[in-house]
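Each of the next two complexes has chain A plus one other chain: chain B in the first, chain C in the second.
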Partner chain A sequence: MPKDININVHHVARVEGHGNIVINVKNGELEKVELQIIEAPRFFEAMLKGRRYPEPPQITSRICGICAVGHTTASLRGLEDALGIEPSEQTILLRKAVLEAEMLQSHVLHYYFLVAPDFFNAPSVIPLAASHPEVIKRALRMKKLADDIITVIGGRHPHPISMVIDGFTRIPTESELRRCVDELKASLKNDIPPTLELFASLKFPEFSRKTDYVSLKHPDEYAYYDGIIYSSETGTTKHRDYKNKVKEEVVLHSSAKHAKGPFKPYMVGALSRFNNNADKLMPLAKEAAKKLGLSAPNYNPYMISVAQIVESVHNIERMIYLMEELLRRGLKDEANERQAIAGWSAKLPEAKKCWGVGAVEVPRGILFHEYRIDEDGLISGANCIIPTGQNLANIEADMRELVPTILDKPKEEITLLLEMLVRAYDPCISCSTHMLKINFV
Partner chain B sequence: MIRTLILGLGNTLLGDDGIGVRVAEQLQGSVSGAEVINGATAGLSLLEKINDYEKVVVVDAVEMGKIPGSIARFSAEELLSLPESQSFSLHEIGLVEVLKIGKNLSEDFNNVIIVGVQPKELNQQELSPEVEKSIPEVIAMVKKEVG
Partner chain C sequence: MTTKPKVGFFSFTSCEGCQLVVLSMADKLLDLVGAVEVVNFREASSYKGQDYDVAIVEGAVSTVHEIQELIEIRKQAKILIAFGACAHIGGVNCMKNFDNQYEIKRAVYGDKASNFDSILAQPLDAVVKVDYYSRGCPPNRDGEELLEIVTALLQGKKPYIPNYPVCVQCKMKGNACVFHKENPITCLGPVTRAGCMAPCPSFGNACIGCRGLVDDPNLNAHQQTLTEAGLSTEDILKFYRFLNGMMEVGK
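For the complex of A and B:
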């Protein structure tokens, strides 16, 4: 029966930052679907102009207290691309390991603290801690492990301090890495099996909408640090040509720009990476996907959280692999061979006028940092394209398709399904304004 | 081994919310027998931190409905009994949420003392004169707690 529904979720809970969902249905016809982003823009790109060329990693790290390693890494990759610097193998192995650690930390927070309460009828993780203390203790243990690894490699958590252009100002000791490997192996044995058991028992909402899945892709590994931009619909794009794939536009109801493909919205994040790269997952992660009922390609956005769990298993296996490789090679101080360039260095190597792009996978999807450096070695232009900004248009497209199929449900259930949809994307509104509340009007 | 932690919390970009950070800055290196940490807007990681010490003195802005600059000493239990907001995200998780999660995990937090300062203005970058003026008394109170 045709009906009117107005949904106004003011300030969607359990997402990073502030956003609203507004849905208007009149006589059974969908009139309005908006994910309103209401946070003030933060103008990081303008802040970078005029700074000395090695400074952006430490500044852009502050875009996010959750993906600080990701921003630092994208920034370093962008600057090194501009300067023509190829870091050492040791530096790349350490960067890959710390990026895996941050992925684990962010994913654990999302599926345990922000998503799980929906399945236990809990408004937040606080009552969940009382009803299921063993679950929250496990989540805190997994988060602490990831945080500690970020501290060991990055020098500080959440904002790494030792990661700089062409190297590290401090490298971890072999005993620190050995302790990390032991703790990762213990987590794989003790914390992962109950995590898989818990989430395999939960019933995620059914909804399917095929979209364009965009992520990095690499021939040898599940791409996070390195790779070519890959779209399931349009194929590959070189990192420097990212603007051919990503078009940013301003929309009236959002203080975060929408970034989408030239023709239509696309998805970034764990499910896109899984859909594009599942064959490159580590062995236990492949088994975890089977246990959780996830196979590629999967077109259900609610399964993003499940893809994050699969990635968590991969993250742990991969860190063990990377750290054991570092230990096998032996860690060495490379300061004599090459001078790592820090933002606080008094004297900097000269830079010519140049530009470059860093494209890195961070927990919520592909992140781009582009920099222009002038003849005085100062940043003359910067562009940061954050994953949530790329997902906003796709979330609205999902909502437009989902709402007509659930109009027969009670308003409360429609609202919950929409909130869960938005939460599944793990949006980071603060970063994308650069995100979220629901209004049914 | 240092067993006491002085933890200044707050956001210096939000006016009087920065009081805990300002106090921590002033106390840095000046209190023997205690470690001073500028915890800024740290969230869940506070839980581990609090458990690492025998005693924790937290300095933070607390909305108490009192005259700006007023100072009050709370136990964790007393802080949790204050009226609360419902919002919860990882960017907004603060001391109250951390204490609630911890309590639900059966931690008692008998080792935690909160020195709270009533804020006046949050929409500016500086402390308000009233809150600025409270700093010496806050510092004296923190030092007394450390003993």
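For the complex of A and C:
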């Protein structure tokens, strides 16, 4: 048998931008496994220092075009934790709904535009538009539904406008929400069944490596907005103690810092959430999991995409539930009871020196935002821990275990399996629409 | 321009939300597909050997490597469109330019800081000639402006971009001024170029200047308005520097 293999995949599915896979095998021995992140560093934590305290949600939204609502929400939760503000139930219901919508649009893009082409033997989604127009139209319809809901509640997609500390600068109207509920119900009826049918027919690669699954956990719901940090290996951690569970580490081949648990790499994202919280899924989502052959716990990272499909069904059911609850209560302008402190409110309520943490589930996993505010109401310290950064060490650990088991396959197949593995973690979406360029060195 | 121009999308330092906007309007784009050919959707370093006529570039440049890539793109492209606030005015990335560059690298990467390529963030036209700008963060009106620009180019017309402030369109939408809310919010609308139809004030929040300033902004009057509303000089600078920091250095 051979076994000198060098694989160098330039610009895999972007990981917060640009990433390469490098694998070197010599005499059958694995010498090097790296997921290189070569994205330009952006220094958001440094930018936030010295800004007025309500500014971070608007600024950190610009970290990511795909999970801007997630960053906004984590930022608001962190600041409210610091300031001791508890938003109204209406605000929480609206935030939960818009977070579900963002989860849906990101998941739909991932499994339809990024994952599906691999199974149709297509280099990108573009040829699929010609060969399978009904599939692409359905994907776009589902995506648009989610985008529209983000716009109704947040004002725009991406980078929401109306989400501010302790409220919203504009509350949606009841007729807007009613329209959303109708469209969500139609999607559940018309678009979900063919989606499940399509993906149930695809065969995902077999691979199993048990790791530490980390997500939020909540006694009453499938945790996205609220909950305690839960690790399948080490149990619970309070949100303010997140650094006991997560430590960022600078590695030279990556401008995204690696975040690891104290002992070993861990996974965040849809499969971690599913493994930890499957019993809290809405009823049709539970049925969808059965239909797709996914049961908790599942140790195959290729099944992250399947967990995302299950979550999409949950997202739709949950949005219907949350919006019907909002309609039942009646929407009201809370300007008289609540401050709704916007980034550029002219007069800010005084803030004393304080500190807080927000932990929120976003499409790719748990997101932490930590802030320190000084006595002048300015941000004196900020820390954002991004899901993709948390997954990098785990992806490399998967590759180290996977590569020796597939060395007998042709190089092209090894490369494809590695790319599909990285893609499964859903590092970014834009890449989904173009063919990956592969170089063998 | 030839009948079926080839279009390439490229991405530099950004959140990649601009490309997401393009993806979100795919249904409208499909109408254009008959008229243009998309030969590259993103990925700045796969430009070599690609024969595109129009380059649509998202992101600011903030590494030496990106400057080199942008120069190569400019050499190939007959028309270069800066897409979104990062490409147009540097955007949020330029906030870091007002800090000590060595210190901020150390703050994030510690003693390994010198291993990471990072320079002052700049808009595209600080490095190369830009032919057209599709403004906004995110690109306004769900990317409609980009479509209008491309359509105008296909018809051999000059795209129309307003040169009056956001306040004009905000009034057209019948909004109450956010400065006059019960909880007043300060706003960059009076100096920011219109064309977005004022989504932010329409949702009760401030214009943050994502389309850049009009050609002749009345900065003195605006500063006075902001001061009267309660902002300190330092606050005003911060407000401008959120997305428009590079405006101060002579753009």
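Basically, the second predicted complex is superposed on the first by the 422 of 441 C-alpha atoms of A that agree within 3 Å, B and C clash if a C-alpha of one lies under 4 Å from a C-alpha of the other, contacts with A are read in each partner's own complex, and residues count from 1 in each chain.
Keep in mind that, in the parts below, contacts are C-beta pairs under 8 Å (C-beta built on N, C-alpha and C of every residue); 3 or more make two chains touch, one makes a residue touch a chain.
Everything quoted here is computed from the prediction, not taken from an experiment.
Partners chain B and chain C, brought together by superposition on chain A, clash. Note on chain A: of its two partners chain C and chain B, the one contacting more of its residues is C. In the superposition on chain A, contact of A:144 is made with both chain B and chain C.
Within the superposed three-chain model, A:339 lies in touch with chain C and out of touch with chain B [touch as defined at top]. Looking at the shared chain after the overlay, A:51 reaches chain C, while chain B stays out of its contact range. Legend: residue contacts after superposition of the two complexes on their common chain; A:349 is shown touching neither chain B nor chain C.
Touch criterion met: A:130 reaches chain B, while chain C stays clear of it. By the document's definition of touching, neither partner reaches A:205: not chain B, not chain C.
Applying the stated contact rule after C-alpha superposition, one finds that A:65 touches each of chain B and chain C. In the superposition on chain A, A:114 makes contact with chain B only, while chain C stays out of contact range.
Of 92-100, 128-136 or 236-244, the segment of chain C running into chain B after the two structures are fitted on chain A is 128-136. Chain A residues in contact with chain B (one complex) as well as with chain C (other complex) are 11, 14, 17, 65-66, 109, 113, 124, 126, 129, 140, 143-144, 147, 157, 430. Chain C makes touch with chain A in their complex at residues 11-21, 23-24, 26-27, 30, 38, 40-43, 45-46, 62-63, 66, 91-93, 95-96, 99, 103-105, 107-110, 112, 115-118, 137-138, 179, 182-187, 199-200, 202-206, 208, 229-231, 235, 238-239, 242.
Looking at the complex, you find that chain A touches chain C at residues 10-11, 14, 17-18, 40-43, 45-47, 49-52, 55, 58-59, 62-66, 68, 109, 113, 124, 126, 129, 140, 143-144, 147, 155-159, 161-162, 164, 168-170, 250, 252, 255, 257, 335, 339-340, 342-347, 428-431, 433-434, 437. For chain A in complex with chain B, the residues that touch the partner chain are 11, 13-17, 65-66, 109, 113-114, 123-127, 129-130, 133, 136-137, 140, 143-144, 147, 157, 430. Interface residues of chain B facing chain A in the complex, by the touch rule stated above, are 41, 43-45, 47-48, 86-91, 97, 100-101, 104-106.
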